[in-house]
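Here subunit A shows up in two complexes: once beside subunit B, once beside subunit C.
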Partner chain A sequence: MKRIVALAEYCLGCGLCAVYCSALHTAPDLDLVRAFRQPKRLAAGITVEKNLEFAVARSCRHCENPYCVESCITGAMVKDPLTGEVWCDVERCVACWTCVAACPYGMVTISQGPHDQHPHAQKCDLCRNLSEVPVCVLKCPNEALVLVEEEGVA
Partner chain B sequence: MTDRPRHYCIIGNSTAAIAAVESIRRVDKQGEITLIAEEPYHTYARPLISYYLSGQVGPDQLLYRPKDFYQKNRVAALLGVRATRLDTGSRIVYLDSEIESLHYDACLLATGSRAWAPPIPGIDLAGVGSFWTLDDAIAWKRTIQTGERVVVLGAGLVGMKAAEALVKLGCQVRVVEAAPRILPAVLTQSAAANVQAWFEQHGVEFQLGTGVAALEGRHQVETVALVGGKQLRADKVVLATGVRPRLELAEDTPIAFDRGLLVNQWQETTVSGVFSAGDVCVGFDRLRNCNQINPILPNAHHQGRIAGFNMAGEERMNEGIIPFNATSFFGRSLITMGFSQENELDMEEITESTTTGSRSLFFQGNKLVGATLINAGQRAGILLSLIRERFEVADPPGLLRSVPQLLDFPDLPRQEQKGGGPGEICGCFRHDL
Partner chain C sequence: MALNLIRPQFIVERDRERCIDCRVCENQCANGVHRWDQTRREMTLDTSQCVNCHRCVVMCPTEALTVVATPHRFRDNANWTDKAIYEIYHQAATGQVLLTSMGNDRAHHIYWDHLLLNACQVTNPPIDPLREPMELKTFVGAKPDRLLNQRGEIEDDLPPQVELEIPVMFSAMSLGSISLNVHKALARAAQELGICYNTGEGGLHKDLRQYGKNTIVQVASGRFGVDIDYLRAGSAIEIKIGQGAKPGIGGHLPGSKVSSQISETRMIPRGTDAISPAPHHDIYSIEDLKQLVYSLKEAVRYQKPVGVKIAAVHNVAAIASGVARAGADFIAIDGYRGGTGAAPLRTRDNVGIPIEFALAAVDNRLREEGIRHRLSIIAAGSIRNSADVIKAIALGADAVYIGTAALLAVGCHMCQKCYTGKCNWGIATQDPWLTKRVNPDVASRRLINLLRAWEHEIKEMLGGMGINSLDSLRSNRLMLRGINLSDKEREILGVLAAGE
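Presenting the complex of A and B:
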């Protein structure tokens, strides 16, 4: 399956990955200005963590046995058996926060976009249905994010 | 093992049962799976019944798995059928249907729990009922009218979600609770007061630290009489007074149980070939390092998945989960994890409040053992992971200074599962491409 790998030694901590992630998921034509002027904007599925020494971008690992899927009370959070992607069917999500509390990496958040009827779980979906290569990987200015493809779905 | 396909009998149709089906199918594509469920419904998400009652979700959104789940997983689903007896010697389960009995190679008891009603006078009056199954929710949806006075007995999670739904339906809601605070199993006094205020803003009244003496009325309930003499007028009374495991199938068998069915870390009962998962069993609790009932959905799924693998011959051990709960009331979130109420153990609480929410962390020495996050749940799972790993936090107050990040805990152990790139759960992602 596909997975985003972050290379800490190249991460500048600029946060553009999160900017473009949020923009693409909010306004799929990737118009930053339009996306960021929406009254509601979807949270990014990638987060830059920083301390005094370095920065690294973190996103969902699409685990083999995802805690978020295990704990989902509605069945909205699923792992695609063919591609291994872990994604949320936002129509079925009731924003109960259980997946947020369950993810050991802190990689699920609750958010509401301009076209959503209600808040829902939001996380890295590897840009499924939006971009062949995840937009964070495309836009990282220092190639600190790499898309790798591995055998299997785990 | 013989060449004959194995036959799996799953008794139950909720979280643990479904998780077991999914893991069996990951290992064994050939075996036959029969699922037996008393409720005549496609598997549904039980915690959503309050959302269904309020109208926030419709019938189709209640489905815990898509409509083609049984077909895709080649499950013979006998819905609306009761398993009446278990013969563990001959490995036969008896049913109250046209199919009278089934032989199994491995059986899962995922029978869950049933609502418990306190033995008080008037409990059988019309207008009094529990709130646990889809049928309960359907019945309430049919009978409750806007503007009615509804008394909810019990201020646990079930009672408070029911109260929220009833407010949304336009009822006048009162909550009666024997403990001195709401959500007494998971909240401290001050956190409970905080959440209680959300409900009071919506007109809900509370009678805390009060028992119920009787429910009164001719045929239909009219009054809730509290211990101490106070009377509450009531058109309806919703019982949210707890649940009890459904042990009846084990009663005439050698399967050992106390409060629930006893299982080992492979989720097998004391009888070979019979497994159990979910609310009905006394499973491993990683927080307390002992066995006990943890009637929460993630635990049911976790145990069901482990049971399924072991039933299909792939050995997996339940490492135990840390009890946690997340929910929202009127759009505000509440997350509790680990030990989160004061009389649990000798522990220190540190709290940080903002205008919108608060975070309370509970420490034993330098180890995080619990947390309550009120409308402040960002990256909460990192805290749960610190509790799970019994991680020594170098700077406990520092945890409250900002949203937690993995980078601050480079030594936090790797998780057992695969996933992500090599080289983490935390710390530097040096990846060798």
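Presenting the complex of A and C:
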């Protein structure tokens, strides 16, 4: 089970993690500038919280028993039994926002991509099918985001 | 308010085609150059605050930013340059001593670049360092007067030594002038590389005591953080008399930088100015210096070498001779290009002499007097690459200190604004929002990479000269030739001209 661990001690609060996350999920085949020029852009699955000198990038914890999955009324939000990744099947999402309300960490957001017909739940999917290592981890300029692998399925 | 005559030096150019308004530049600039205009919903610029540190340029994910020098110029005047005129404007407006940081940036000769190295051809074979062992190990400390003792055996009762795997150390940069994260990176890199870093005059933070074997602790005129545990914590003690960037001048860490961390380490109240006097008030002669050297040796039971760091000034050779006679185990000589966290501009740019001359003069003098073995020489003051290291050793150094090069490895962009305390690279600052920009894991890795690369290069060049041990190069000026140097300059450096 992979998890993104944020090291607040070295988080610059620059927000590049969110920039790259949003761009990659919006338009995986486009560069950053073009991705940002899309009429609609998916929300980033990672958010930087800042207060004075403190900053930390928060993203989904891919919980053992995720409330978002439990609460999903259509079965769109699923936890991959093999990898433990929690992700949203956009096709099945009916935009009821139960998951948004259910997530105690506020890590599910409402979003609409450039090609989507309807808004849907959007969250960190650990860049499944997009990048071997999550793009936020790859692009963090201070190595404040670390991908850790834990034993077994969480 | 009267008219401000100083115009911005730099222009930040934003390519609107590439800018994605991500606001990374805004949150990375401690000088407030980039700002988000909420009404127009786009980034705006205040270029007057730009110091050309490149933080925004490097962090911008779309390469939308460039910093260029302003094309705005005064009428051409070789004497009254723009720099000279603006300095007058600044002083006329403020009445202040001009401050600056890092080493002398004047376009004087860089003598390293006027020295050429030898290599083997036909009559003597070069050595391939990938196939044959190459010894770079260096011992800093006094050596015995003779090789054999009275019984005719090899003298093995040596004075204390510091063992270095490569002849390069991180020079004194205090906690205060740079952040704790940079100190951590230097300490970890020194441990991994088997060399030493120098605490500088700001004491030794408790988290860094574990790196004692790879630490040289400094005792400067302010005596910050000095107690018996501090003296015993390192593998050597260095008495700081002077610094290349500001010979004859003390130091001043403003109270605003004296955080609880600095206060604890320096053993001074939080928020108070940390002032290092220009002289040590107990040292007015070589005899006084000798007292301090022996007090410190006594304190560490003669188990650690005690050295003296001086700035390269006009009569450096005579001073070095005195330092040797004061019982120092090593002398660090800091040339006029040596860096600083803050120095008066006039002092930095006009005081002191090049390390190349100082080093050659000191080595000559100590040899003439037959006391060269009594102390090791550490050369400092702008060692920029492995070739400079080799040349320094051929001129007579045992090892070198690097400060600026190390900071560059950590990310410094040489904007020379350390004294403002707003280092956007998180190095020369105590602002917690900025200091975390140096992740010690990343920084120590880069320092290790740098010196591993230099180590390979040094071995290559040594091998090319047919030398397999650094000891055979020390003071071996026959391996050097001068180019574009006057006869007098070559005479002082003790090198022949190219072609001779």
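Heads up, the rule we're going with is that the second predicted complex is superposed on the first by the 152 of 154 C-alpha atoms of A that agree within 3 Å, B and C clash if a C-alpha of one lies under 4 Å from a C-alpha of the other, contacts with A are read in each partner's own complex, and residues count from 1 in each chain.
Heads up, the rule we're going with is that contacts are C-beta pairs under 8 Å (C-beta built on N, C-alpha and C of every residue); 3 or more make two chains touch, one makes a residue touch a chain.
Fair warning: this is a prediction, and the values are worked out from it, not measured in the lab.
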* Asked: Should A:Y20 be classified as contacting the first partner (subunit B), the second (subunit C), both, or neither?
  -> second
* Is A:H62 touching the first partner subunit B, the second partner subunit C, both, or neither of them? -> first
* With the two structures laid over each other on chain A, which partner does A:A95 touch: subunit B (first), subunit C (second), both, or neither? -> first
* Asked: Can A:E9 be said to touch subunit B (first), subunit C (second), both, or neither?
  -> both
* Compare subunit B and subunit C by how many residues of subunit A each one touches, and report the one with more. => B
* To do: Could you say whether A:W87 touches subunit B, subunit C, both of them, or neither, answering first, second, both or neither?
  => neither
* Which partner does A:E143 reach: the first (subunit B), the second (subunit C), both, or neither? -> second
* Should A:C103 be classified as contacting the first partner (subunit B), the second (subunit C), both, or neither? -> first
* So, A:G75: does it touch subunit B (first), subunit C (second), both, or neither? -> first
* Asked: Common interface residues of subunit A with subunit B and subunit C?
  -> 9
* Asked: In their complex, what parts of subunit B are in touch with subunit A?
  -> 19, 45, 47-48, 51, 56-57, 61, 63-65, 297-298, 301-302, 305, 324-328, 331, 333, 335, 337, 373, 377-382, 384-385, 388, 404-408, 415, 417-421, 425, 428-431, 433
* Name, in rising order, each residue of subunit C that touches subunit A in their complex. => 17-18, 20, 22-24, 27-28, 59, 61-62, 431-433, 436-437, 439, 441-442
* subunit A to subunit B touching residues, read off their complex -> 3, 5-9, 47, 49-51, 54, 56, 58, 61-67, 70-71, 73-75, 91-92, 94-98, 100-110, 119, 146, 148, 154
* Which positions of subunit A touch subunit C when the two form their complex? -> 9-16, 19-20, 32-33, 36, 52-53, 139, 141-144
